[in-house]
Every structure is written in structure tokens, then in C-alpha cells.
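The structures come next, written out as C-alpha cells.
Okay, so subunit A shows up in both of these, paired with subunit B first and subunit C after.
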Partner chain A sequence: MKKDFVVAIFDDEEKLLSGAFKARDKNMEIYDVYTPFPVHGLDDAMGIKRSFLPYVTFLAGAAGLTLAVSYQVWTMAIDWPINVGGKPFISWPAFVPISFELTVLFAAHTTVAAFLVYNKLFPGKNPVIMHPEQTCNKFVVAMEKDKVSLEDAKALFSEHGALEVKIQNVDMNP
Partner chain B sequence: MEGNFVFEGKLKQISIVLSLLAVIALGVSFGMNHYVGWVDYLVFALYFTTVSVSSIFFLSLAGVLQASWLTPYKRIPEAMSGFLPYAAGLMLISIAGMGANYEWTHADIVQNDPILSAKVAWLNTPRFVGTMAFILIVWNLIALRHKKVSEMMDGSNGAEVARKNMGFFAVSILVFALTISCAAFDWIMSVEPHWFSTIFGVYIFAGTFVSGMAFITLTVITLKEQGYLKNVNENHLHDLGKWMFGMSVFWAYIWISQYLLIWYANVPEETEYYVLRHHHWNGLFFFNVVINFVFPFFVLMTRKAKRNATVLKTVAAVLLVGHFLDMYIMVAPKIFHHHDVHHVSGFGVVQILQLLGGFGFFIFIVGRALSKRKLEVTSDPTYAEGAHLHQ
Partner chain C sequence: MSDVVSDLRHKLVPEDRTYKQISEDILDTLEEAPSKGWLIGFSISALLLTIGFLTVAYQVGTGIGTWGLNKTIGWSWDITNFVFWVGIGHAGTLISAVLLIFRQKWRTAINRAAEAMTIFAVACAGIFPLIHAGRPWLLYWVFPYPNTHGSLWTNFRSPLLWDVFAISTYLTVSLVFWYMGLLPDLASVRDRTKSSIRKVIYGLLSFGWNGSNRTWHHWEVMSLVLAGLATPLVLSVHTIVSMDFATSIVPGWHTTIFPPYFVAGAIFSGFAMVLTLMIVTRKVLNWENYVTMAHIDAMCKVILVTGMIVGLAYGTEFFIAWYSGNEYERYCFINRATGPYWWAYWSMISCNVISPQFFWSKKMRNNLVVVFALSIVVNIGMWFERFVIITTSLHRDFLPSSWSMYSPTWVEIWTFIGTFGLFFTLFFIFIRVLPGIAVAEVKSVYKFARNDH
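Moving on to the complex of A and B:
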């Protein structure tokens, strides 16, 4: 599927940031921004909402903790009680390391998996290329053509030091 | 750029009044009982020594990593290190109470005790006092050197100064690690000379880190409320919140590491430490974990909480009290048990007043040190990066 985008190309992240902030002020909807490295403050500039990932992490961690504790209690005290050094069957200090590890394991793996799924990242996925130098030294702001007019974009981004503002036909599912 | 922090008016008066309160509250303890007095004094001296000595660790750490997170408020640890001479004084005074606090100082007890006799090569008064003096001098020298480095940065090319002192930063971290472990074994663990725990030095370090960071957080927010530190925003608070959260977890990790192994192995000479605490101090013993781990863990978990000044202030204050309690739980039980003074005192109002008063004295010294130099460390090479922090 091919799609038309209005792209503004920058060679400086500060210019990109000020441009993106301005676009948000003017209610110009940015589809995505492509940068060679993480630009601090860009989330704010694009008006991206907080990720829901922390909640996934918390729930997965809680699930790991519950599983670890219940499984240890079940094996150590219910299914096959074992007397270890005369200690009670349910001895919380002995359960701490495994509970901790399973909490971390579940939280970490689920977070990574959720991140990949949410961002539709998988092996063999081809990147969307707005500009051949977007992973090298150029910063690209992309807007959908039916939502933002080329003239508006040109007026706004040229003022903030865009090298070029143009229409680009991009292959979304290469 | 802004000028100096002005230390006068209400804050100064309150800190002086509180300093007097500390003296009175300590006097009350000594009035109650000789042993209670020395326990409270030792806890008091140890606590404020650890809070202030954390500063040289933060400065060395930031120096060696060229870390920028600390630079916007680097003057605060620098000022905290100004308390170290007073901390040295406090610790040296505690030598007068060695007879009350450390049973191994009594020749007759040691003679009739095969375990203590075997440890006499290390646990003897001249070696103890000598090592204490050495450690305190080393800490003060490191603090002085940090001050010198910081002053040199003001006078010339900051990046050049930072680069030239990289070796000092790195070595001072190593020296700090060895000295604080030794201090923990000597000053705190030897209160129970039959007992030993090899992780004890790390445990004290974790507590030091948390309480130092809590004090920095509290100071940063207070200064900001008074109109200083204009460059510090919620991104910096977020960093401080993460430090307090992370290091509380680290502290708890070391706590359970010590507890778990001793509990599991169940060797009498190791379990005596916890048996004693479960016997008379069970409530406080577990409350210590709640206040220093469970509370900050759940309160600081969300991003929102870490960026909220009121939440951070509350957690920092709770942690500062928590680690005072932690120190008390480490020192008091054995001495109380040994001299049977459980009925005389415990952890209560008088001890909290000593803590509060101690902070008056601490803030008086730190505030005075803070007021002497420009609050913004613009000469530091990482200042611009630190001021423009994003989260």
C-alpha cells in the first residue's frame, strides 16, 4: 500500500523540535517523526500520550509474584510437605528470592513483548522510508497528505529551518 | 545567573534552636541512664556522619562518570561535605563512651571469653581509635580535595580540571568503599563482637546512599520553593525520585540478603543478632522494613509521584527518619540487653527529638557552607547538559 505524505526535512534536532512544537500549537497533526537517534523532548513536542507499558509491567510483575508465591506454597506445604531444618512449611524468607526473580522475569519479558507487539516490530519487517537519510543525518517530520496541506506545512516548517518540504509517496508495506 | 544562597532569618534561627534541642535531648538520655545516653549519642553521631559522608561519594561518582544529573545542585553535596569535620568531632567524642558501648573494651570480659580473646588482635582500643582517626582524616581530605577541584573549576577551564582529576575521583571511590566498610565493621558491628556479617559494610553503604539522597532531595525542593535553583524542574526531581526509589530497593535487597542467609543456615553464632531483635524489638524491627522499603516502593512507583515535589518531600523525610531508626535498631538492642536497661528507654520521643535537633545542627553547618559560594555551578563542564535535562 502506497500513501502520500507531506514531509519536512531538517538537519538539526533543535530546529526539528521547535518546528514540531509549533505544529502542535497550530493543530497540525503529525503522523510520525523519523530521527537517526532519540531526540529528547520530542514526545512532548509531538503531543504523544504516556505509554501504557508501565501498567503492563506492573500487571505482569504482580502476576509473576502471585504465581511464584502460590506455587511455592503449594509445593512446599500442600502437595508434598518437606521438613527443611525444622522450619515451618510456609517460610516466607525462603520464598523471597524466587518470588523476586519471577516478578522480574515476568515483568521484563512481558514488557519487551508488549513493546514489540504494540510497535508492530517483528523479524523481517521492512522499515518505512520517508527519506533515504533518515537513519543517517536527517530528521523527517511526516504528516498525512489528506490532513495537512503542503502550503501550510511549507509556511510553518520553512520558518523553523526545514531544508525541504515536499510531497512524498511512501510504500507503507514494502 | 543567580548569586549565593542567603542563610539567615527564620531558617537560621530555627536551626540554632534545634541544635540546642539536640544537646538537651541527648542530655535527657544521659540523665536517664549512662548506657542509654551513650547508645543515643553513638546513634546520633553515626547517623549524621553517614548522611554527610555520602556527599563525597556522590561527588566522586559524578566526577568519574562525568554525570550531569548532579551538577545543577552540586553545591548541596559540596556543602554537606562541610559537615565532615563536625562529624569527625562527634565520632571522636564517642570514644569517651567506648566502655559503655563496646563490651570488648573490658579486659576482664575479653579474658574470660575465648571468642573475644581470639579477636583481640583487631578488637582492641588503640587499633580502634587509630583506625577511626585515620578514616575520619581520609574522609575530610577527600572532601577538601573536592572543594579544591570545585574552586579550580570556577577559576579556569572546567573541562580541563575535571579531566585532570579523573584519577582522584576514581581512587576516592575505592577509598570510600574500603573506609566505609571498615567503619561499619568497627563502629557498628563491633557493638556485638561475637556476631559477624560480611555484607554489613554494603548494608551501611546502602543506608548511607539512601539517606544522603533523601537529604539532597529535601534541600533541592526547599531551595526551589524559596526561589533558588531556577534551572531545576520536575525532570530533575524525577531523577531524585528514581534514586530514592532505586536505592531503597537496593537497601531492602541487602537487608533480605543478610537476613535470609542467616535465617536459612540457622547457625547460633549468626542467628543471635536476629533472635535478640525478634525477642524485644520485633515491632520496630519489621517497621524498619516498612518505613524504608515498602512505603517508598509503593509511593514512588509511578512517574507522577516522582515528579511531584510534595510526594518527594514526604518520602525523603520518612526515609531520613527511617534510616535513623535503622541505625538505632543496629546499635541499641545488644547494649540494652547486656546492661538490662530495656525498662529505661527505647526508641521514642526523646530519640526523635535528637534526630530533629541533629538536623538543626546539620542544616546550620550545611546552610552556612552553602551560602559561601555561588549556588549555580556554571563552571562545571556538565552544567549545561545537566540544566537541560529531559526525561
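Moving on to the complex of A and C:
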């Protein structure tokens, strides 16, 4: 599927930021911005909501903890209890280290998996490229062509130091 | 005013570079043929690795009777080397996770290589318990899966099992943390390279990353979450390693000071290894503009601080041994300092407590020859620390008739050298095929670091 975008290309993150904020003020909807590194403030300009990932981390961590505690109690006290000098079968202090490790193990890997799945990142995926140098030194603002006119975009972004503002036909499933 | 600030604080990237030049400085090495120095270094490492591999094959085939252990000293070089390597790994996580949480921007230039070092060091560490288990092909027995051994479970009350969980969690979490950080830079290599083979390989490796800000947003939150998880994790790993000893009732091991003492020692030795590697790498790959004297200075200070924590722990141990009034505990420590292994004890003290004191002087911290030499001295000292703790506590058993001495056989020596071969082989491959500096992260702090806004 190919799609037309109005793209504005910058070579400096501060110019990009001022342009993006201006676009927000003018109610021009930004489809996405492609940058070589995370630019702080862009999330506000694009109106991105806070990531849901910490909730995934918490739930996965809780699941790991529950599994670790219940498995240790079940194996050590219920399924095959071994009497060691009359000490309690549910010797919970001894279960703390593994409970902690499994909490971290589940939380970390599930967070990463959720990140990859949600952002559709996987080995062999071909990247959607707006500009060949967007992972090196170019900052690209992309807006959908049917939502923003080229003239408006040109007027706004050129004022903020865009190198180039143009229509680009982009393959969305390369 | 800004001039005053920039004079006092080191610049993180001293020379003016554009974003494109930063990419070129760091990523161009991946496009070039390997240098002569690299080939020589790689060949030597690979040779050591091969010898190590053959030695391991020999002892797995013959049995660990090929080691110098006896019925009094059942743990020695293997566990020493295991703790040594795990400890080295800790600095990588500390740099990548703890310094991220504390917003220490200087970490960006060294975190990638340090995290790689973590993974390689933990891989080296894992070899020793694997061989010591005697029958490595049955290693899956350490996992608590439903089984037919009478449904006998692994012992969840044993610190050795805690180790299994700690080390495997640590290795896999470090690995994904490192790899997620690599994605943006792998994409950058993919988009820059002119070679079609590299484009395919880095295309596969970069998961289709394209620098979308929506992805960056989640990526940053994920990095913070992983850093928040990795920080207590790294502390827990060496705590659990120390519990291998501290939960037993052996004089010299059975102390509550072990967890913090081991963690401080791990950071101490890890930073020393980062320095050893980075001083050479920055020179060979011309990274002097990224891994600057300011970085080396900061790492020397970390070594100085952790070295003194370790020194304090040695003193505290000795004091508590006397103060406890327990004659076995007292004997154990006096024997460490004056018994047959006195030379190991005093090597430990001079390498770990005395030698870092040179780093009080800025002149010493800025002298690369001194820093390089001391970084190696510190690692020798930290190896001796583990040897002293493990072997001296065991060699004087409760019954004098069981007293014994230990010395390693050639098998143990070459296995240890072989792990250095593995470590350096992996590191040499790493700096050839992956971006050795986190390019995207350096760019993201570049303007801040230049103090021009």
C-alpha cells in the first residue's frame, strides 16, 4: 500500500521542535516524526499519550512473583516436603531471592515483548523510510496529504528552517 | 557565566562534530577491512579460546579429578573464577542502568561497550559451575521441571539454586536491554551501508526500526523500566553470589557483611575492566573524542571510592572476627594474613586497597599508562580477594588432621586462560560488527554536552 505524505525535512532538532509546536497550535495533525534520536518535547507537540508499558511491567512482575511464591511453597511444603531438623516447610525467607529474580525476569521480558509487538518490530521487517538519512542526521515531519495541504505546510515549516517541504509517496508495507 | 561552567566541567564531546560526522566517526569502522592490530589481537584471543576449549573437552571427558581439589578443599579456582567474572560483568549494568536512572549523561559513550562486556563476562562465568557440575550434559537438572526422579524437586532453600535463577535472569535481562539499545544504531548502519549483504544482515537485525517518534516514546519508557529493573537485579546477583558463602557455617564465610562487600568489589573490578578495555579501544578506533579523559577520570574516581569501600570491608571483617570472640573466626582471619597463604592476602590488600590510592591525584588519573596499569592491578587484586576468601577458609578445616593445601593443575590454569580467550574473542568480534558506542544516545546528549543551550 502506498500513501501520500506531506513531509518536512529538518537538520536540527530545535528547529524541528519549534515547527512541530507551531503545527500543533494551528491544529495541523502530525502523522509521525522520524528522528535519529529521541527528541524531548516532541511527544507534547504530537499529543502522544504516556506509554502503557509500565502497566505491562507491573502485571508481568506480579505474575512472576505469584508463580515463584506458589511454586516454591507447593514443591517444598505440599508436593514433597522434606523435614530438615524440624524447620518449617514454608521457610519463606529462603524463597525471597528466587521470588525476586522471577519477578524481574517476567517483568523485563514481557515489557520488551510488549514493546516489540505493539510497535510491530520484528526481524525481517522492512522499515518505512521517509528520508534515507532519517536514522542519521535528518529529522522528518510527516503529515497525511488528505489532512494537510502542501501550501500550509510549506508556509509554516519553511519559516522554522525546514530544508525541504514536499509531497512524498511512501510504501507503507515495504 | 556559561564560559565559567564550560571551563570547570569537561565537555563530553570536546571537538565540534555534526550529527553526520558522529555517525561516521563511530560507524565507519564497521565498513572497513579489519586492521592489522585487530587481526593480531583476534588471532591471539581465538588461539587461547581454542586451547581453553580443548582443555574443557579434556576435563569433561576425564572428570574433574583433573583439578587440584582434595577432600578438604572442594571449591577453589572454579568458584574463584566464577565470582571473578560475574563481578566484572556488574560494571556494565551499573553504567547502563544505574547511571541512566541518575541521569549521568557521560554514560552514553561507554554504556554499549560496558554492557557487551557484561554479557561476555557472565558467559565466561557460567562455564565454571557448568564444568564443576561434573556432567554438563545433565545441567538441565538444575531447573525445577516436573520430573521422574521420584518427583524430587530442586532445593529452593539452597543458595546454589538461587544462583541459577540470579545468573540466568541477569544474563537474559542484560542481553535484551543491550539489544533494545542497539536497535536504533543497527538501523543507522543498515541505512548508511553501501554493501547489499550488510544491508540484508543489519536489516534483519534492526527489526525494521525507522526512528518513528511514536516508537521512540515507548523505547524511552522501556529503557527506563528496564533500568529500574536492572538496578536492583545487579545488586541482587552479587548478593546471591555472596550467599553461596555467607549462608554456610564456615569461618570467614558466615558473615552478614558479604552482600554489600561483594557488590562493592564487583563494581570495583568491573570498572577496572571497563578501563582496561576502553583505554585500548578508544586509541585503536579513534574514539578519543567520545571516550574522553573526563570519562576515564570519572571511572578512576568510582574505582577509588569502591576500592575504599572494599578496604573498609576487609578491616571490618578482621575487627568483627576479633570482636565476635569466636576462636575459629579469629584463627581464620589471622591465618589469612599470616598463614601459608599470606602472600595471597597481602597481594589482595596491596592491589585493592593501596594501589587505588594513586587515584587521589588528578595527575595520575590523567596519565593513561598509570590508569591502564592500575586497572590491571585492581583486577589481579580482585581475583586474589576471591581466592583468599574461598581457599583460605577451606584449607584449615575444623579437624587439624584434615588440614590441607591447594594448588591448581594445568587444566585449571588453562581453563581460566581459555575464558580470557572467550572474553576477548567476543569483544573483538563485537567492536567489528556492532556499533561500539551508542550513537543515537551520544547524539541525544550532544547539544547538552556542548553547553550551548
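The rule is simple: the second predicted complex is superposed on the first by the 171 of 174 C-alpha atoms of A that agree within 3 Å, B and C clash if a C-alpha of one lies under 4 Å from a C-alpha of the other, contacts with A are read in each partner's own complex, and residues count from 1 in each chain.
Throughout what follows, a residue touches a chain if its C-beta (ideal position, glycine included) is under 8 Å from a C-beta of that chain, and two chains touch if they have at least 3 such contacts.
What you are looking at is a predicted structure, and each value in this text was computed from that prediction instead of being measured.
J.: In the superposed model on subunit A, is it clash or fit for subunit B and subunit C?
T.: clash
J.: Could you let me know whether more residues of subunit A are touched by subunit B or by subunit C?
T.: The larger set of subunit A residues in touch belongs to C.
J.: A:Pro97 contacts which: subunit B (first), subunit C (second), both, neither?
T.: A:Pro97 sits against subunit B and subunit C alike.
J.: Quick one: classify A:Gly85 as touching subunit B (first), subunit C (second), both or neither.
T.: first
J.: Who does A:Gly161 touch here: subunit B (first), subunit C (second), both, or neither?
T.: neither
J.: Between subunit B (first) and subunit C (second), which, if any, makes contact with A:Lys125: first, second, both or neither?
T.: Second partner only, subunit C.
J.: Examine A:Gly47 and indicate which partner it touches, taking first as subunit B and second as subunit C; both and neither are also allowed.
T.: neither
J.: In the superposed arrangement, does A:Thr75 touch subunit B (first), subunit C (second), both or neither?
T.: Touch status of A:Thr75: second partner only.
J.: So which bit of subunit C gets in the way of subunit B here: 4-12, 202-210, 274-282 or 400-408?
T.: Clashing stretch of subunit C against subunit B: 4-12.
J.: Mind sorting out which residues of subunit A both subunit B and subunit C touch, each in its own complex?
T.: 50, 54, 94, 97
J.: Quick check: in the complex, which residue numbers of subunit C touch subunit A?
T.: Within the complex, subunit C contacts subunit A at residues 18-20, 23, 144, 151-154, 156-157, 159, 161-162, 165-166, 168-169, 172-173, 176-177, 180, 183-184, 187-188, 190-192, 203-222, 225-226, 229-230, 232-233, 236, 239-240, 243, 440-441, 443-444, 447, 453.
J.: Applying the document's contact rule, which stretches of subunit A touch subunit B when the two form their complex?
T.: Its residues touching subunit B are 40-41, 50, 54, 58, 85, 87, 93-94, 96-97.
J.: Give the list of subunit A residues in touch with subunit C in this complex.
T.: 11, 13-14, 32-39, 42-43, 46, 48, 50-51, 53-54, 57, 71-72, 75-76, 79-80, 84, 91, 94-95, 97-98, 100-102, 104-105, 107-109, 111-112, 115-116, 118-130, 132-137
J.: Subunit A touches which residues of subunit B in the complex?
T.: It comes out as residues 256, 259-260, 263-264, 266, 301-303, 390.
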